[in-house]
Structure formats: structure tokens, C-alpha cells
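Consider the two complexes below, in which subunit A is the common component and subunit B and subunit C are the respective partners.
What follows is the complex of A and B.
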């Protein structure tokens, strides 16, 4: 059963001069095991939508259902539904609070009322994702870790809840390129191993193409495009740009080269492909006759 | 005779972690930054970028080696005030730098603090907000602004003190692509139009590519320095240091690997023109 939104809308500060419609009549369905990127410029409603998906913010209109249950309702069933979705906020390291990494990661599982043995097992697996073995990091203070480790420890706290739907709001903001690459490798592995759905908010089209099989583009509170990233790039480039999504660097480079008369494929989304295309068309510069 | 605003000689800095391990954040950094220059500092986390930058306005006094800013030795605490009036800092998170409830009051905070007469404060605030394109927001509450707008207000707050140099430590790290563009173009304008020296720390190579010069930090040392073209020509070395290269420079590097001769390039246009030849 999926995570589904039906005609969901939300308005901030309703009835005041600052009233702003953040989510406007959104309907969509996300299955377990999917890897979805949610993209759009600031203020397009991404983070609000993420909170609806996680059952943290009841919509003003419409219905959210996690595996068929309204997570914003009262009662035990709704609680179970809410626990199926885990939301990692922006800068989750600001939410670290416990004395040790283990206690911080274990906070959620303990709240579920699990036996201490199971709590430890879950924390250990979650910390494995972060490549922070519990033996080495468990007893350390989370406040003496590096920035990247703090972020990963905080995310491990959500993963330890074993959600079916993991929602991440710009998980690599502020990371250097090296840390970003490593983080995405770990996230890919987690997704493959766990079978959970990953829904990732990002500003980077490059990341969406590299990681996700499905791309949701938000603009003005609506999902204006929903489909496979590469295909969207081929067929709906204009709409993407109109939504304020920056094209991947490779797209604008390819366009520029084509404008200079290079007859190369306009749909190149990978540096290796672009190099191969160029080698084929560069006169006298092929690999055979290097100068 | 060149006019250097910042000179470091063999600058080193180390500290102990809570666990007792010794970390060498800077090891023997010697560099010179000219007045009016736009210098980008890049490097992975922990490479010493921020520690270096904090020496530039005497937030950290040198442990060993020398740091001279505007002709003043940073080791002498009597110079601290003068150095800080000349070199302004802007940090990553705009929310940590904004103190007032109105944009114009926030920008006025610095000038008020040094006891400037009210008429002059008004003039400075007008000047600073205009310089970053935020004059229309002067009566707004900072928390209602976007990240890029808040960061521009933070820059205006530094600008109101009319520093001759600005050190920006990853000012766009927390911003979206639009906010990044806003901040970067404001900074470029301050450098090009008002001649303010810029030291700009970033992880975004596309931003570093716009600088006059790039300094690459690695393990507390200045591993590489030069014009963007020269630095990005060494794509292999940068990748080994865990850094990206702008895509056109990367494609040029990959073509060179395949035996194609391509001159150093940074921009898309430069690559296209180079390949047309």
C-alpha cells in the first residue's frame, strides 16, 4: 500500500495580510521502494508538502493516507501510520540533544517501547548506514563529531525508526563535494537494502538525475511535472526552466557547444557521453590522431 | 610596488580536541592578497579555510608565523580594533548574523556601535542597502525575507562600516540556486564597482571560477594557487583533494586524457571556442 495525497492544500497565516498558499491541490501516490526527488525553487511548497507526507502537518483541505490510514487522525492506528513515515528536516544536526550518539539514535526506538536489546540492534544498524560503527561512536558525545558526522548521526536517529517512507529535506546542504558524494553512496545502499521509499528534496537537477527514478517538480504549490528525470529533460525542458529549476551544467554546456556548430546529441546527461560525442565530431582530434 | 592588504608568512595554528588529539589546522601558510583583488579559497571540510579566514580580521591571533592586515600586525592586540574596522566578516548562516527586528535597524547596528552621528548612519544604511539591492526592504522584518535576501542584509550590515576588505565564509552554503546568484552578484559588484577586496570561501567551483585568483587549501596548507584557468587545468590534482572542477574544465581535462589538445578553459564559451579551432 502506498503513501497517497489526494487534493491536498495548505495556506499559511490564513486570514491575515500575510496569507500565502503553500500547497495547492496536490494529488500523488508513492509506492514503497521508490526513489523520488522533489525539486522546485524556494517557496514552491516542497517543505510544506514533506510535512504533509510525514503526517506532521494536517492539510487544510484534502486527504493524506499512509498505507490507507490518515496519519493526522487520532488514535492508535494513526500513530502507527505516522511512524511509517520518517522526516529528516533541514540541518537535522541542530536537533541532536542526548549525551551520547547511542542515546540520541536510540531515543526514537525507545519511545516505541521496544526492548533494550532490539533498541541496540536498531541503533547499530542505523549507525552502520552512517558508517559510524556503534562500538567506536556509540559512547561519544554527538557534539564533538565533525559537521558531516553530526548530520549522519541525526539521520541515523530517523533510520532507526525503520520507516517505510524516508523523507529527506536537502540532506547534503552545506556539504563539500567529497562528503556529498559519500553521503549519496550510503543513501543509495540503504535504499537498495531496506526496500523503503526515499523521497528527497533537492535543488540540484544533477542529483535528481543521478539518484532518483522519479522526479516531482513543484511550482507555486502544485506538482507541475511528475515523471522519469531523463525523460523530463528531453521533453519538458522549457517547463522546468519556467519553474525556476536550474538546468544541470551539462545541459547548458551541450546547448552552447551545439550553438557553436558541434553536431552532438542534445540529450547528453553524463560527462562520459559528452566526451564520446565530442571525440566523434572533432575533426582531426580523434583518439587515433592525437597531436 | 604592489599594495598588499593581507600578508601571511609561515602562519600556523593548532588546537587540541576534547579527546586530547592535536589538530594542525594551519601549517605554514604564506600568501599575499592585493588590495582590490577577488580571491576565492576552496578546500574540503577541515582543510583550514575558515581558520585561515579568521586570522584575516584578528578573530584568531597567530600562534606562530605572521599575519599582517592593512599594514598592522595581527599579533598585537592594540591593532585589533583597526583591523576589524578594515576587514568585515560574513558567515554561512544569515540567521546567526541578524540582530534587529527591522532590516534598516540591523544594518545600522554596526555604525551605531562605533558611535557614528545619526545623520551619517542614515546615509551609510542607505548606501549599504542600495549596494546589495535591498533598499525596498528596509522597513521589513528580516525573518520574513528569503535566505538570499537575509544574507544580503548581513552583507549590508558589514558594508555600512565601509570596510576595505570583506571576508565571506561560505556565504551561499545555506542558500538555494537563486539566493546564491543574488549574493554572488552583489559581492562581485562590491568588488568591481566599489573596489572592495574580497576573500570568498566556497565549496561551489562555479563561484570560485569568477575570482581573480583561487587558493586551494589542503590539510592546513595552501596546496595550489593561481588564476582559475591555471588551477582548474590541474583537474586531476583537485579531484584527488576531493574537489570538483567546473564542467567545461572537466570536459577539457577528459578530452586531454583521450589525447586531444585543449588549452586551459573555465567557461562554456571558452571550451566551445577552444574546440572550434
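What follows is the complex of A and C.
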């Protein structure tokens, strides 16, 4: 069963002059095993929507269901539903609290009531995911780590919960390109291995298409585009522009090549694919005799 | 869940009440509240109510919202009421358990609670129509004469401005961290006492850290802009009294005079 939102709306500071509609009548469904990227300009409501999806913020209108259960209700069932969704907040490093990295990462699993052995195992795997081996970092204070390490430790704290739906709110903002690449590699592996759904909020279309097979574009609190990246770049370029999001560089490159008469596939989202397409059409240079 | 605090919140507007000089508003509010505490009969309270309605309408504020600002202080008002009712002197009206209720006590109780309600209403009226910045500005100007006896007027006002500015920010932060820890299975509502205490700790540590971080950043930012306290500081917006301030003062003085007349002659 999926994670589903039905006509969800949210207004901050309702009934005051500062009232602000952050999420406007959003409906969507996310299946287990999907990798979804949520993209949109600043203030379009992504973080608010993420909190709805995780069942942490009850919507003012509409309904959230995690595997068929309302996570915002009271009682045990709702709690179980809530624990199926894990949300890594924007700037999660600000929520570290424990004396050691291990204790912080173990906080979630301990709340699940697991045995200490299992807790340790989960914390170790999660810290491996963050490339912070437990032997080296486990006993250190989280407050003496670098900013990037703090971020990764905090992310590990959510990963250790082993949610069915992992929601990440701009997890790599402020990472250097190398760390970002490594993080996405690990995330891809985790997604493949665990079969969880990953919903990643990002500002970068490049990252979105590298990882996700489904793109949600948000603008003014609404999901205005929902679909496969290739199809969106082919058919919904106008809407994309209206949302203040640009197509990735590779798409404009392909566009220009096609405009100059190269008959190549318009759906290339990957450098290797584009090279292969080009080699195939360049006179006298079949893919066989490249290099 | 923490965002519903109406008491003291500013509602921007462009009405004559909003535009009054903050000093005028502070002083006149104090006068009106003092007058409220001398008011002791039906006519006096009718007049005050009329005045309250007049200012609220002039400031285009919602009565419901103003009345809601009384809500958090209900317990205090109720306690005041009962203390006065039960400790009244004079002839017994009727008995309730061991207490005797007297006419004088009842009147006293109603009067005191009414005064408290008006105290809250009039101060809310001021804070809802004056931005925190203006309010501290006004306060600083009013306190300035006391600098001669060593009162750090500017520093006090600056501290107040910063505190007021950061209360909503910290509330938001609390809410965010609470959610983040809930996402990791923390439960702030149920569970035993030790579990609750431990969960609160996961809230307090990050909150303190963030408060210190913010304070640090703010201090650096102020220093980078060459802030060095009140000495020799000029301001971008000088407060200036206008005709409307004189008019407001006249109205309030007239009101106070009528209330005094009712008290001594009525």
C-alpha cells in the first residue's frame, strides 16, 4: 500500500494578517520502491509538504494516509504509520543532542523499543551509510564534528529507523561536490537494497534526473507537474519555466544539437547516452570505432 | 501548536490609532488603565466600554481577537474574583459550604475582575497597534531623562527589541525540533516521567545550542555594522509628535476627567 495525499492544504498563521498558504490542494500517491524528486523554487511549500507526508504536520484540509492509515490520528496504529515514514529535515544538524554520535543515531531505534544489540547493528549500518564508521566516530561528541559530518550523522539518525518511506529535505545543501557524489551513490545503493521509497527534495535538476525516475514540480503550494523526467522535458517545458525551474543543461544541449540538424534522440538525460547517440550519427564514426 | 499566542501580537494597519506616536500610546494607555482602577460603578464602566469600542473600531481591530487575548489569563481573573467574593465583609447574602457570600464581596469581586479584563484589553489594544520596534523606540525616548541617574535606557530598549524579535523565532524553532525528534520516534505527549524527561532533553539541548548560535551570529552582525551602544547614536526615524497626538491626549484627559467626576460626585 502506498503513501497517499488527498487534497491536502495547509495555511501558516491562519487567521492573522501573516496568513500564508503553503500547500494548496495537493493530491499524490507514492508507491514503495519509487525514487521521487521534489523540486521547486524557494518558498514553494516543499518542506511543508514533506512534513505532511511524514505525518508530522496535520493538514488543515484533506487527508494523508500511510499504508492506508491516517498518521495524524491518535493511538497506536497512527504511531506505527508515522514510524513508517522518516523525514530528514532541512538542516538536520540542528537537532543533534546526545553526548556521542552513537547515542544520537541510536535514539530512533531505541524509541522503537528494539534490543540493544539490534540498536547497535542498525546504528553501525546507518553510520556506514554516512561514511562515518562507528569505530571511528561512534564515541565522539556530535558537536565536535565538521558541519558536513554533523549533517551526515543526523541523516544516519533517520536512516537507522529504517523507514519504508524516506523523505530527505535538501540533504546535500552545502556539501562539496565530492561528498555530494558519494552521498548520492550511497543513497542509490540503499534504495536498491532496501526497497524503500525515497522522496528527495532538491533545488538541482541535474541531481533530480540523475537519481529519480519520477519528478514532482511544486510552485505556489501546488504540484504542477508530476511525471517521468524525459516526458516532462519533452512536453511540459513551458510549465517548467513558469514554475521557475530550468531544464538541465544536457537537455538544452540536446535541443541545440537537434536544432543544428543532428537527428538524435531527444530523451538523453545522461552524458554517456548523448555521446553514444552522437557517435552513431557522426559521419564515418560509428560507435564501434570511437576513441 | 505554539503559534496561537495572540496576546501582544502586532497587527499592522494604517489607521489613526496605528499612526499615533508610540510615546503617546504608552502614556495614554497608562492613564486609561489608572482610570480603570478608580472606576467603581456602572456608568464609569459603560463609559470605559464605549471608549474601548471606539478605539477598537478606529484601529480596525477584531473584537473577537481582542477578547481572545484575555483567554490565557482567565485563571488569574477567576482566582481574583473568588478571593474577593469570599473575603467580603458585611451582611450575608447566602452561604456556600463554609463560605458566606456578601453583597459587598460580590460587587468587589466583579469590580476587580472587570478591572483586570480592561487592563488586558487596553494593553492588548496598544501592542496590537504598535509594532515592537516602535514600542521599544517609544520606551527608550520616555526613559531617556532617567539616564542621568544611571538608567541605561538605550541598552534596555535594545535588549527588549532583541528579545521581542526572537520570541517567535525560538517558538518556531522549538516546533521544528519537536517535529524532527518525533520523526525519530520521540513522543512528547505520553510515556512515563523518566521517558518524558529524556525526551524533553532532546528538545532543550538543540534549542539552547541554537539560541547561543543565534546570539553569537547577531553579536557578530551588530559589531560588523559598528554597533557600539547608545552613545552618540543617531536614528533614521526620529519620533515626532503630531496634531493627532494632541487630539488623542485631549480625548483621554477628558475621559479621565469625566471618570473622576463620576467617582467624586456620583
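Going forward, the second predicted complex is superposed on the first by the 249 of 291 C-alpha atoms of A that agree within 3 Å, B and C clash if a C-alpha of one lies under 4 Å from a C-alpha of the other, contacts with A are read in each partner's own complex, and residues count from 1 in each chain.
Quick note on the criterion: a residue touches a chain if its C-beta (ideal position, glycine included) is under 8 Å from a C-beta of that chain, and two chains touch if they have at least 3 such contacts.
Here the structure is a predicted model, which means the values were calculated and not measured.
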item: Touched partner set for A:274, first subunit B, second subunit C, both or neither; value: first
item: Which superposed partner A:261 touches (first subunit B, second subunit C, both, neither); value: first
item: Subunit B versus subunit C, judged by how many residues of subunit A each one touches; value: B
item: Touched partner set for A:222, first subunit B, second subunit C, both or neither; value: neither
item: Touched partner set for A:148, first subunit B, second subunit C, both or neither; value: first
item: Subunit B versus subunit C as contact partner of A:214, first or second or both or neither; value: neither
item: Which superposed partner A:51 touches (first subunit B, second subunit C, both, neither); value: second
item: First, second, both or neither for A:87, with subunit B first and subunit C second; value: second
item: Subunit A residues within the subunit C interface of the complex; value: 12-13, 16-17, 51, 54, 56-57, 79, 82-83, 85-87, 89, 92, 94-98, 107-108, 111-112, 143, 157-158, 161
item: Subunit A to subunit B touching residues, read off their complex; value: 18, 41-43, 141, 144, 146-148, 173-179, 203, 244, 246, 249-250, 252-253, 256-257, 259-262, 271-272, 274-275, 278-279, 282, 285, 287, 290-291
item: For the subunit B and subunit A complex, residues of the former touching the latter; value: 17-19, 44-46, 92, 144, 146-147, 170, 173-174, 176-179, 203, 206, 242-244, 246-248, 250-251, 254-255, 258-261, 268-269, 271-273, 275-276
item: Footprint of subunit A on subunit C - complex, ascending; value: 3, 9, 11-12, 176-177, 179-187, 201-203, 205-206, 209-210
